[in-house]
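You will see two complexes here that share chain A, one where it goes with chain B and one where it goes with chain C.
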Partner chain A sequence: MYLRIKQLEKTFGGQRVLHPTNFAVTQGQVLSVLGRSGSGKTTLLKIIAGLEEPDRGEVFLDNSPITTWSPQKRGIVYLYQEPLLFPHLTVRENIGFGLSLRRVSTPDISRRVDEMIQHLELEGQAEKMPDQLSGGQRQRVAFGRALIINPKVLLLDEPFAALDSQTRGQMQQLFKKMAARHGITALFVTHDLKEALIMGDQLAVIRKGHWRLYEDRESFMRDPETGVQDELAFWEQWRS
Partner chain B sequence: MVSRLLKNWGGPAFFLLISLVPLLLGVGYALLYSLGLVGVLSEGFTLSHWESLLRKSSFWQTMGFSFYVALVTIMLAGVLAASLVLRDPKRFRQPTPSFLMYMPLAIPAIVMAFFIFQLLSKGGWLSRLSYKLGLINDLLAFPDWINDNYGIGIIVSHLLMATPFFVLFFTNIYDNEQIASYRQLAYTMGASRRQARWRIELPMLLRPAAPTLFLYFLFVMGSYEVPLLLGSQSVQMVSVLTIQKMQRFNLENIPQAYVTSVVYTMLVVLLIALMAWLSPKKQTS
Partner chain C sequence: MRRLQRIILLVLVLFPFVFMLGLSLGRDWGYPRLIPATWTLEHWSSLMSGGNGLGASLILSLGLSFSVSVLATGLSFWGSRLVAYHPRRNLFLRAAYFPYVFAPVILGACLQYFFIVSGLYGKLGGVLTAQLFITIPYGLLYFSSFWNTRRKAMEELVYTLGGNTWQAYRKVLLPTARPAILTCFFQLFLISWFEYGLTQLIGVGKVDTLTLQVFQYVTESNIFLAALASVLLILPPVILLWLNKRYLFRLNTEYTTP
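On to the complex of A and B.
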């Protein structure tokens, strides 16, 4: 297994936000995590990214224990719900930011950024500032900025939650396409049932800090706690 | 029709009436006075007051000195405040450090100037302490930090008022702009602490702060009480020079005071226009 989480626990101010958690993600797979606000999903992602320290437990990446590594060394990019584009940088500079940190030559950065802009269907936007873009375009730039540095794992914390349903659908398709093209290993956290099913190769639920990983899509759909059965019953009543 | 006009334009018109009109009238009167068109010495249109003042090197020294004091103060206060906030952004949200930063803001400028005078003059506390510690042989050997030609006392005094203000201001920007999240994002993308600070935190902090830094710069440039008490006699700041010319017994100096104020106003307007021109223009797609 590429990313492995072993007995991870976290408590904030006497309140346990993450109960002992174990799971693993295969390389090149996307694990969808269904969870409501306050379920502990952001804490889990931040621990994996190295932005929070766990009270107990370990994180393994490609069989190496990385729990004590700094976020810079992990190669795990954490994408927030908001795109968080650097407001003082253009689209081109935002996408090339990670490469410029790695001292990649300017012509190489320029070439790779142009390719990424093309893949993201953002032609003509390269010299714009973030406040000149629409919500969907900003999220695309945020993806491009993360993907261009070939992260080992991508952590996505409800990245499409702020988008309208049409843009959200487009972004889901774009992400699927980009994930396949770049062979991305990712944890995709969402509170949207449909989105979890669309995006994930594997499925899990996190509720009040308790984690449950499903063997397959069928077992996820059968579990009354995921809400799939309620959803099906809702649509069934309209059909009948 | 009238009620709609009042509803749409009443507010801005009232604002213009109470803020801009008195200012324009004041500058207009100063301009007319400086051209010899009004006032006790009025003898008809003349450029002699302008010529005589603009030819004096002391006038340009005053302008340059005011600019220098304001620039050094803002640069030092900005660097100090940004360093303090970026070092530990959460610190100034806590009650005690936050209270300590608010306190100097409640002290009037003249009181701060007096305190600096007591602290840095040759007969002041630092001088006496240095003498007691044997660092200097005579109180007069203490360096000239008050009423000096480099404006050290003025700068220190303004610095003690500006730095806390900018610490609180930068702390608010840090929170409102979610700079901590951007910093964490930069870390996960591989940025070192130094890279995140210089390439993300600092530009994100200074960009929205630029207009306020600029306005504070203008405020320091035109300040009166602090340079009056702590400034040198040989080179004065613009407000001190203007008031002194205005209040001298020689009535010939009054039109020159007005020339100074008109030139200073023009300089400020020019700087504001330059600032507005340089600020990023927003466009939406």
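On to the complex of A and C.
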């Protein structure tokens, strides 16, 4: 297993936000995590990214314990719900940001950014400033900025939550395409049931800090706690 | 009609400046004359030659205010980040109001003993330190709203993308804070530039800033030199206001954060 979480726990101000959590993600797979607000999913992602310290437990990446590693050393990129583009940089500079941090040569950055812009279908937008882009375009730039550095793991915290349903659908397709092209290992957190099913190769639910990983899609759909049965019943009543 | 209103407004705004400038060029203005009897460049040439000490005061004030505003802006920007993400943030921010709740002069009086003991009393370094006591809290309060969850998320993003703290500051935090830093710098410069009570108290008249000189000439009834000092006193703020209008408006609209 590529990313492995072992007995991870976290408490804030006397309240336990993450109960002992164990799971693993295979390399090149996307694990969809279904969870409502306050379920502890953001805390879990931040611990994996190295932005929060766990009270107990371990994080392993490619069999190496990385719990004490700094975020810079982990190669795990955490994407927020908002694209968080740097407002003083153009689309090109935003996408190439991670490469410039690594002091990659300017011609190399330029070539790789051009390729990424093409993959993201953002041709003609390279010199624009973030405030000149639509919501979907900004999210694409945020993806490009993360993917261009070839992260070991991508953590996505409800990245499409702020988008309208049509753009959301387009972005889901784009992400699936990019994930396949780049062989991305990712944790995709969402509160949207359909999105969880579309995006994930594996499925899990987090509720009030309790984690449950499903063996397959069938067991996820059968479990009444995921809400799939309620959704099916809802549509069934309209059919009858 | 609107044109007339504009002219009246312009005259009202410019009159004090023009009047002061005119007065600095006058001599022998006795009652009942409406204007000075003679016009001369004597005061201005004395300024250039260093005769009246105003030139030295101008340089001293510029150096002092520039140093205070650079130091206070830098320290308060750095300190405000520590305060903003501290669990006891509200306590620190409330404490930053102290110099203004008590008034700077009272703060100076409370700290006077420490300035005497440390040998800073009546020294330029003492005045500079005293002014930092009021400008740094102002800067802390000014920057407190800059550090929000969005800014923190941006900083964390830099870290997960592989950047260190220095790179986060250099490539993201400082460029996005540029308009706020410039505005804070201007405001702190003005606070220091017009500071009277604290400078008088800690400097004990040995640190002759331009603001102190103006009051000195007024109390001496030396209206021509007081006018000259006033013209010099108002020039840097006018230049700052012009720079503010010319550059900061553009920067503020540039960095809308999507």
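Heads up, the rule we're going with is that the second predicted complex is superposed on the first by the 240 of 240 C-alpha atoms of A that agree within 3 Å, B and C clash if a C-alpha of one lies under 4 Å from a C-alpha of the other, contacts with A are read in each partner's own complex, and residues count from 1 in each chain.
Note that a residue touches a chain if its C-beta (ideal position, glycine included) is under 8 Å from a C-beta of that chain, and two chains touch if they have at least 3 such contacts.
Computed from a predicted structure; not experimentally measured.
Q: For the overlay on chain A, clash or fit between chain B and chain C?
A: clash
Q: Where does A:Ile149 make contact in the superposed view: on chain B (first), on chain C (second), on both, or on neither?
A: Both partners, chain B and chain C.
Q: Which holds for A:Val33: it touches chain B only (first), chain C only (second), both, or neither?
A: After superposition on chain A, A:Val33 lies in contact with neither partner.
Q: Counting only touches as set out at the top, which of chain B and chain C does A:Pro130 meet: first, second, both, neither?
A: second
Q: Quick one: is A:Ala49 in contact with chain B, with chain C, with both, or with neither? Answer first, second, both or neither.
A: After superposing on A, A:Ala49 lies in contact with both chain B and chain C.
Q: Just chain B (first), just chain C (second), both, or neither: which does A:Val141 touch?
A: The answer is neither, since A:Val141 touches no partner chain.
Q: Name the contact category of A:Leu84: first (chain B only), second (chain C only), both, or neither.
A: Touch partners of A:Leu84: chain B and chain C.
Q: Kindly classify A:Val205 by the partners it touches after superposition: chain B alone (first), chain C alone (second), both, or neither?
A: Touch partners of A:Val205: none, neither chain B nor chain C.
Q: Which residues would you name on chain A as touching chain B in one complex and chain C in the other?
A: Shared contact residues on chain A: 49-51, 70-72, 74-78, 80, 82, 84, 86-88, 97-98, 101-102, 131, 133, 145-146, 149.
Q: Which residues, counting only chain B, touch chain A once they are in their complex?
A: Checking each residue of chain B against chain A gives 177-178, 181-182, 184-192, 195, 199-200, 203-204, 207, 280, 282-285.
Q: If you look only at chain A, which of its residues touch chain C in the complex?
A: For chain A paired with chain C, touching residues are 49-51, 70-72, 74-78, 80, 82-88, 97-98, 100-102, 130-131, 133, 138, 145-146, 149.
Q: Contact residues on chain A for chain B in the complex?
A: Touching chain B: residues 49-51, 70-72, 74-78, 80, 82, 84, 86-88, 97-98, 101-102, 128-129, 131-134, 137, 145-146, 149 of chain A.
Q: Show me the residue ranges of chain C that touch chain A in the complex, using the header's touch definition.
A: The contact residues of chain C facing chain A are 150, 153-154, 156-164, 167, 171-172, 175-176, 178, 254-258.
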